[in-house]
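Shared between the two complexes below is chain A, which pairs with chain B and chain C, respectively.
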Partner chain A sequence: MADAPAFESPVVRSYPASRAGDLTLSDESAVTKWLVRAGAEGPTADLLDARFGTSRLTPGDALVLGSRPGEWIVVGAASEVAAAVAGLDRLEEQEFCSALDWTHGRAMFRVTGASAPRMLEKVCGIDWSDHMTPDGAVVSAPVALVTCDIARNDRDRVRSYLIFCDRSFGQYLFGALIDAGNEFGLSVAAASAS
Partner chain B sequence: MLLVPCPNCGPRNSTDLRYGGESHARPDPNTASPAEWRAYLYLRDNPAGWLRENWYCASGCRRWFSIERNTATNEFRDPPLPGDKRGGAA
Partner chain C sequence: MTMSRQGVQPTEVIDRAAKLRFRWNGKRFSGFEGDTIASALAASGEQIFSRSMKYHRPRGILTADYWDPNLMVQVGDDPNVRAGHRLLESGMDVRSQNAWPSLNRDIKAVNGLLGRFLTAGFYYKTFMRPQWLWPTYERVLATFAPGGKIDLDTPHAYHDKRYTHPDVVVAGAGPAGIEAALAASSAGASVMLVSHEHSVGGHLRYSSAAADQAALAELRTALDASDVEVLTDSTVTGRYEDNWLGIVQRNHPVAVERLIKARAKTLVAAPGLIERPYVFEGNDRPGVITSGAARRLVNLWGVKPGERAVVFSANAEGDAAVADLERVGTEIAAVIDGRTGGSISSTRGSSRAVDAVVADGASIGADLLVVAAGWTAPTSLLNMAGDRPVYDPAAARFFPSDPPSNVLATGGLAGDADLDGLRQHGAATGRLAASRAAAVRHRLQARTARALPVDGDEPAWAPDERAPLGRDPHPELYRADTHGMVDMSEDISSKDLVAAAHEGYDSVELAKRYTTATMGPSQGKLETVNTVAAIAEARGETISEVGTTVWRPPYAPVTLGALAGRMFEPVRVSSIHPWHEANNVSVIQAGQWLRPDHYGDPAAEVRNVRRNVGLIDVTPLGKLDLRGPDVPKLLSLLYVNKWMKLGVGRVRYGMMCAEDGVVLDDGVTGRLGEDHYMMSTTSSGAGGVWEWVENWLQTERPDWQVHVTPVTTAYASINVAGPKSRELMSRVCAGVDLDAEAFPYMTVRQATVAGVAGCFMWRIGFTGELSFELHAPAGHGLRVWEALMDSGSDLGVAPFGLEAQRIMRLEKGHFIVGQDTDGLTLGPSTGTGSLIKLDKDDFAGKPELAWAADRSLPLVVAIQPDDPDVVPEEAAQIVRGDTNEILGRITSSRYSPTLNRSICLGQVEPDLAAGGTKVTVLLESGERIGATVIDHHAHFDPAGERLRG
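Up next, the complex of A and B:
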């Protein structure tokens, strides 16, 4: 089998950020992402064990997001994602299911900081309060008019959100997030390995 | 702003959804007359009042659902539950 092509981020240039606060934005598009589709209820749903609108960490620290009814995104280190979806092969006689490596097709950004909800409120119509979107919540909604999957994935009790969009919108969305976050002192961080 | 109660995502701005028109039962293709097909395809009730219609949650769950809306007041009633297939195309 041919080697996978080297990953190239959709973000090829950044923009000036104010860097005065605790809000950080990082481009984590290189992290391995898989899309799994199957019936909303069935053996695949049982195996992945993340209902629509929720997420969970596997024992190997891959993040499974219930992004839509019958649709999951698995994110994490390549080996851990492979381990999380490996069991799907055993289900092929019970249910039709597809699993696709989405790493090159989707951009992924992480916004972290106490001001992250206020920043997202500027570009997205979702209620980011704790009782509506607690840690682990997953929603699909337009961010700066780009349809995205957004997962709340707090880091050390600090608000943090993963934002996924089609690769072709990645550069635009990255700039739009910087623009929205500048008034909260956004800084653009180096991508973390997760 | 018109808030549409999606059965999966909850209340969403109507700009997150696509309007799918009035919800009608599809005639049986084995027995329907040309006039029935014409009525199904082209004729609309367009009442000033309660109407069952289809919506597509384009920015959210990407599922079709059908719901009753009062076209005069924009109230919604009888919201479907998650997984409810009434009226909506899969």
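Up next, the complex of A and C:
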């Protein structure tokens, strides 16, 4: 069996690599993403343990986002995501739940840097202050007019946000984020392990 | 009036080492960095800056700031620039507006001689009859339109937008505003301080008093050390519900303008006071300026406003202007004290003389008349918050009455005090604002799922325990014993207002609209109170009795660019789009999607599909992943046909109708597994159908176990069509038997394609050819497409676009929802009435469809023009013979490269729907052509033999 084919990112244009500021934008679209649906309260919610509007890191480093009541996005390395949702099969007898691989359907970008909130203020109407959107917060909102899920996921105590959108908008949104970040010296970084 | 640059002033804001050269009406001038356009011109001795709107009277500096109505100029291709505010830049090309052939000799000044005929309402009265001449009037009057010139080829500048949620926004950066910002910040609030001017400090900036300058330095130092976000050259343009504020930030380093949408928890209004002009004959003559203008010219830019001045002073500002003028060597010919009954009646003189005529008729020779007649309280933000300020005749200005508790006023807007008193009031206001903001923040956090949790109850709403500011007495000085200009932007005099009142327009709101007073670029900041005073005088009432107009947003004029902000125009592309772009695609925008329309020759693309095999990227086709045991019930509810027995691996076509029986969407749904289905929708209907499905599930059938997930772009969708499509697919597919019997028409299979697992494909065909609609995980879509192209080169594989697909579907007679149907097309009208199963349990639209089943409805039919070379326009009407009686319309039409003739679909009255019926089509040109309804929707392969292949 040949190796699995390489993932093709929705971002196909190249951008200048380095700028002066502390702000970075990376395309993390290849990261495995699963969507889980079940009751807002129940065994699935207990298993995933991320209430609506919040997120948590599993022991295996998968990130579980409570994206809507009764809906979770699980993000991380494929094996870790699989581990995070592994118990769902056992819950099907207790409640109706479903899980599907959303990796190909959603683009995912990471914006990191102290000025990330100021950059996001240019494209999104959410209050990014620490008290309203603390580390771990999850919110759905239009970013540059594209509906997105956004999770604050700080890195080494530096502000960092994961932005998810429909894959077809990926190229457009990536460009819009670069445009918004220009005044902060945004640079495009290589994808991290997220 | 002879203005000139003087020696260095301790308070000046210009950098005399940085000389800037610019042009004014084509001539070379220079100024310094820190100059405004107006101050640089004034320092060079310029006296006339513009011509008035209607009478083309020469106009000079009046207030020397943002609000100056006489300083509108054109800078390059930027019209209506405020020369009293815009900072000078090197190389600026500044031109006067509204004057021809030149500013000093304006031929339209003849209008001044006709002034008695050009009173308020002149246009309404003169040009309303005869009505048919109005277009001509309009063209002629347009040539008299004031203002600058717009160049439609001007490149779009970068306008920006920002959303922010500060605890406290302070509008106005005078001493009280700064203190409010500092105090709020010290109390832990996030604070945004907005200064209309280029630097903070308010009136302290142009005060020569040492104490004022010391205070200013202290405030600026404190501000620099604070966390307050300071926006200069910015204006809070509007206050809306729940303290939603519009703020325009001008001259941002990366944007011409930035519109900030701020949701403030509390708003502090500290705009200060605006000096209002005095109304008397000749008050708009160049050389008549406000005391504030005199002080700004002297102290900010080192400009001596005149050689010999008369000062009419009714307050301390006027007195201070006297001192400032004397310091730079202006001879003070006289000081007329308005507090003791002194007044100015008129001005005389010509060119550079502004002789003041006082009440007793005596004339005092001068070239400068400085007027300090009182203040307008710019209560706009309070008005916008619902407050109705009240007039105090003893102080001769308006004061806040009862603004909402999350809007606080301070500074001159709230009252009078010495500098310390104003600062203390500002600080107390800031503390109160921060306290109330904290309560709002607590409430927001408690209500927001993602926010940091809060402990305890919401803090109590802090009572307003600020010591109120006093009110300094001021004489009510609005108009002298002569008439003069009230609104210099609009050329409206007090006489016009009195006349309007006598004509019956005696309500201030009516008079405003009738005369246009206060509706110019100054937005009433200089004119409103004088307008009210003139009407009050005409009515014999007090200002309180007349009341004011309601100040609405914007506080200051806003450019359309600022309002538009950044132009976000999201577009969607498939994962195969890079290939299209590299292969001469002609793109069409369909909704937000950029789609391949064709690759050069749509007809050739059609022929290739009919003969060989073609690929089309149909990724935008809506796809909904449906999971759960109740999916069949959901499908039965949404579609008009039956779904309870669809087997695994089967695909079925379905039509959805809305509750009124009108066709909503159509598509196929396949059963991928026991409780797993995939629904396809039209491309344009993808979003709407998802909402429709969720609406039914969430509001009507919340008990059903169904999860719906839009996966439209999770898959790259490729239609492989043509007689050689099976051969091509066999070269790239693994794990599936493609034989016609093993994989027949209207079935679905899952497979590995080009090494990509997780693909599924169904045997359907919009083109009427043998085809496989392949759906591959989007992250591998390009790989699959390229594999198909590479593998089929010997089969003649080629891409085809939407146009070829449209032709082929029309050849096959497949209707498109929204094109061949409209907002009134009931299900049976599509000609697929047999699909509608009224014996089902309830489904969306059933009652209306049951009603429709017994009715004669228009029908979708296939039509062929008698002349095969004529292609009727889509939407061409089908009429009865030579009459204009409409019997239907052409909904789709193309020239068929397969049949070598024109073909159509159309909607016709039921009695015309039978095959062989002759109809008349009225073309856009007016020509009528004959056409024939054919037996089937399909012009090509009606038996579907190719499709089932």
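FYI, the second predicted complex is superposed on the first by the 182 of 194 C-alpha atoms of A that agree within 3 Å, B and C clash if a C-alpha of one lies under 4 Å from a C-alpha of the other, contacts with A are read in each partner's own complex, and residues count from 1 in each chain.
Quick note on the criterion: contacts are C-beta pairs under 8 Å (C-beta built on N, C-alpha and C of every residue); 3 or more make two chains touch, one makes a residue touch a chain.
Remember, it's a predicted structure, so these values are computed and weren't measured experimentally.
Judged by the touch definition given at the top, the superposed model places A:Phe7 against chain C, while chain B stays out of reach.
When the two structures are aligned on the shared chain, A:His131 is found in touch with chain C, with no touch to chain B. Counted by residues of chain A touched, the larger count belongs to C, out of chain B and chain C. Applying the stated contact rule after C-alpha superposition, one finds that A:Arg68 touches chain B and leaves chain C untouched. In the superposition on chain A, contact of A:Ala144 is made with chain C only, not with chain B.
In the superposed pair of complexes, A:Arg167 makes contact with chain C only, with no contact to chain B. Legend: residue contacts after superposition of the two complexes on their common chain; A:Arg37 is shown touching chain C, with no touch to chain B.
In the superposed model, A:Ser187 lies in contact with neither chain B nor chain C. When the shared chain is aligned, no partner comes close enough to touch A:Thr58: not chain B, not chain C. Comparing the two complexes, residues 52-53, 125, 139 of chain A contact chain B in one case and chain C in the other. Listed in rising order, the residues of chain A touching chain C in the complex are 2, 4-5, 7-10, 12, 29-30, 35, 37, 51-54, 96, 98, 100, 102-106, 121-127, 129-134, 137-139, 144-146, 166-169, 171-173, 176, 179, 182-183. In the complex of the two chains, the chain C residues touching chain A come out as 160-165, 190, 253-254, 261, 263, 441, 444-445, 448-452, 566, 568-575, 578, 593, 619-620, 625, 627-629, 705, 707, 709, 711-715, 754-757, 777-783. Touching chain A in their complex are the following residues of chain B: 8-9, 12-13, 15-16, 58-63, 82-83. Of all residues in chain A, those touching chain B in their complex are 40, 52-53, 68-69, 125, 139-142, 147.
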